[in-house]
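Quick one: structure below, then a few questions.
Here the chain labels run A, B and C in written order, and each chain numbers its own residues starting at 1.
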Amino acid sequence: MTSHARTPVSGSSDPTAATVLAAADVARIVDRMAHQIIENIARPTAAGGSFEAVLLGIPTRGVPLAHRLASRIAVFADVHLPVGSLDITLYRDDLRLRGVRPLGETIEPEGGVTGKTVILVDDVFYSGRSTRAALDAVADLGRPRAVQLAVLVDRGHRELPIRADYVGKNIPTSPSQRVRVSLAETDGSDSVHLVEAATTEEGEL
Amino acid sequence: MSIVIKGAAPLGGAPVDVLVDGGVIAEVGTNLSGDQTIDGTGLVLLPGFVDLHTHLREPGREDAETIATGSAAAALGGFTAVHAMANTNPVADTAEIVEQVARLGAAAGLVDVRPVGAVSHGLAGETLAEIGNMARSAAAVRVFSDDGTCVHDARLMRRALEYVKPFDAVIAQHAQDPRLADHSACAHEGPVSGRLGLPGWPAVAEESIIARDVMLAEHTGSRLHICHVSTGGSVEVIRWAKSRGIDVTAEVTPHHLLLTVDLITGYDPVYKVNPPLRPAADVEALRAGLADGTIDAVATDHAPHASHDKDHAFGEAAFGMLGLETALGVVAEAMVNTGLLDWAGVADRMSVRPAVIGRVAGHGRPIAAGQPANLTLIDPSGSLLVDPAAQASLSRNTPFAGHTLPTRVVATLLRGRPTVLDSGLAEAVSA
Amino acid sequence: MKHLLSAGDLDRDEALAILDTATQMHAIQTREVKKLPPLRGRTIVNLFFEDSTRTRSSFEIAGKWLSADVINVSAKGSSVSKGESLRDTVLTVAAMGVDALVVRHHASGAVQQLAGWVDCHVVNAGDGTHEHPTQALLDAYTLRSRLGDLADRHVVIVGDVTHSRVARSNVLLLNTLGARVTLVAPPTLMPSGVASWPCTTSWDLDATLSGKEHGDVDAVMMLRVQRERMSGGYFPTEREYAIGYGLSPRRLDLLAEHAPVLHPGPMNRGLEISSAAADGLRSMVLDQVQAGVAVRMAVLYRLLSGAADSSTGSEVTV
């Protein structure tokens, strides 16, 4: 492994970038995912009103997505799911394939994860390796009752036996392409682009 | 068998032929011929160098150097006489030891090995060694030194200076006040030592001892020699003492003429030497002192060390660096190429004056008919790429590894017999 | 980054990256499961030529919490006296398939020297009176946790600066982080050439702490003074040292309210630091110890987690 230089991608000015989802599409998809989550798991308990599920965003863009889902769930169902963030850097299986990675933030959701249904939230679902790392990371936080996965985009090319429970949009891609998700919180505006990468990369996670 | 050196320039003057026969210079003239001819065209002929300060390590540390290997290194460096320092194991503090050293030197036959006797018994700095017996022995010791440690006790130093007077001998002082620079002191005390966290070796530890000792020499009317002067302040004190008529002489090492303290920044023990490398201002003062004669001689302080004594943390590694094979090149770079000394000056500081200080008969003589043929032929336009593995010394601790030094020793003659020819040891030496 | 030998090796970005990583590592220490997987399969040897229970344990815990195999090798006693050269000792240990050496040595520069002999990563855990870069990092971490950004903060370091590797590393790192440093010591304990260091100096602790001499003080760091310095003539008596340079309760009151007190330990109570200062609300001595593990985790992570040849490469930011 000698070079992992990543082709810099500079927004919509990139001639090879094709818009897959616009801001309005992203908002609509998030709403739909929120409804699906409510239907599936957000059931009141006997104790009254509390939902035994938490949202755990995977940095970077999984975290604002988790917060958006939480706020839409709050609007639609008037329930407030705890939100946390789960940095998976230290659990990745490709740490030694690249330069040193800076760490993201891990914030346990209020009340922890033990006994809860944990919904992992990520922007792009690809090889499944990020999810595997996230499953390990969650296990070190506690013992959830169940773990589910919510992703904004599923681009295929799984390398591990892992599936998502909530998929915003399936986008067929070739391995040479990159899916670039932009969110207002991290990038200024919402969109999803498909980019032709100049160099083939080994496993975008 | 006679040898003629054709067309070499004595002391850098006009080229002549020099005929060597029967161990002496038979004739200096033109169109001379002999049984063997050495082409001296473009070369400079100098009296063989005399080193006042050499560590040959034998007896005791024959893994680092022997009298034979050190003699070979000396011959290759253009030397015809060396002074073997007394800090061997056992210490050269009796007639028996110094005679053995002289005998082994004669057996090697490459340079005249003049043993230095210890000033104090066992170099302990407490009681006098058998100075008289060593002086009267077959080795006829004329230089006494505790080099490696300082004769720090003022009373003992005074007694030593007085005691050697009947023998016309000299006390060569390693000037280092052990209270100001103890055994752990290993770096010139200043910004570099402060930053590196290395125990400082302040200039004043040398200068204060020299100041004391020149006054003792004046008081006793004795001969004093200062080993490896390393600071500008020391040069000033010696200059003052000489102007006062005190019988003091001094030497400087080649490395102190060229290397500066900043080299130790990487903690490479090859640069660990005692006294330590000093700042550039001191180097300048030493060069000026050598040029104006305040410092009389260049002396190598050739200090071979086995690699297992150098491959330690800087503070724990052995002090010292090799010097014999690189001395001329360093002096040429520091003094000749800078215009501070001409070749006659080099002959004076590397041969004439050290021979006088050490009372070494037959060395440092003029290049003239009837004089002993102790000669060095050098190529002033040649150069020497320093390769530690190719040196004759058993040790490798040269700070000049990989450097190219100016000039080259072409041939060395000891009493008319070539010890070095074509810049290599003369294998078949006929008497 | 291949090695961490001197605090001066760190530029501002790298220093901040270590401190930020340490923040995340610190958060993990409050969890039930403290072990993290990134250095699984890596071997770290703590090679200590000088005893130091505190630093060695800290590195050992840091390595273990990152899932590295950590082996402690005590090479105490001068290798000179054992007849083995430092080079032999180090090459022998390195030949066992080690990924990183964490080295403490009693001689200045020894760690820098041996880094040139081995292929693995080398971390300086303190060399003689030269440097102790991870101590400086944990001090900076501790200071940041109390003061926030250290830019333009004024840190006063008091005591035996001449013989302190902590002071040397702190001056370098704090300077890199934009802080101002003033060293306070009697002239006998001020290193030669200190005027060329990137800091100011003073012989007067009262004038410095009160801000009269070099401006308002944001933090004070007391250095350990070894009692054997008295025999070296560096100061006359413990009593006189404590009166001149100890952090007494009276001097504590000279400090601004926000200013913390640090000490690298072990403390000489009653000599350089009073119990009031050591145990008071300003004291961050235990925070320093706790930060030590997080900072060393961060250093080991940043040295060892990337690709083998990524030491000079640029960082991937995904």
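Quick notes on this one:
One rule holds for everything that comes next: a contact is a pair of C-beta atoms (placed from the backbone, for glycine too) under 8 Å apart; a residue touches a chain by one contact, two chains touch by 3 or more.
Computed from a prediction, not measured in an experiment: that's the story for all the values here.
Here C is the chain whose Cα centre lies closest to the centre of all protein Cα atoms.
The chain with its Cα centre farthest from the Cα centre of chain A is B.
If you average the CA atoms of chain B and of chain C, the two centres end up 45 Å from each other.
Between the Cα centres of chain A and chain C there is a gap of 39 Å.
If each chain is reduced to the centroid of its CA atoms, chain A and chain B end up 77 Å from each other.
Touching of two or more other chains is recorded for no residue of chain A. For chain C, the set of residues that touch two or more other chains is empty. Across the interface of their complex, chain C is touched by residues 189-198, 200, 266-269, 307-309, 311-316 of chain B. Across the complex, chain A meets chain C through its residues 1-2, 4-6, 87, 89-91, 95-106, 136, 140-142.
Chain C makes touch with chain A in their complex at residues 1, 17, 20-21, 24-25, 27-28, 31-33, 35-38, 66, 301-302, 305-310, 313-318. Contact residues of chain C toward chain B in the complex are 78-80, 83-88, 105-110, 112-113, 127-131, 162-163, 165, 168, 191-197.
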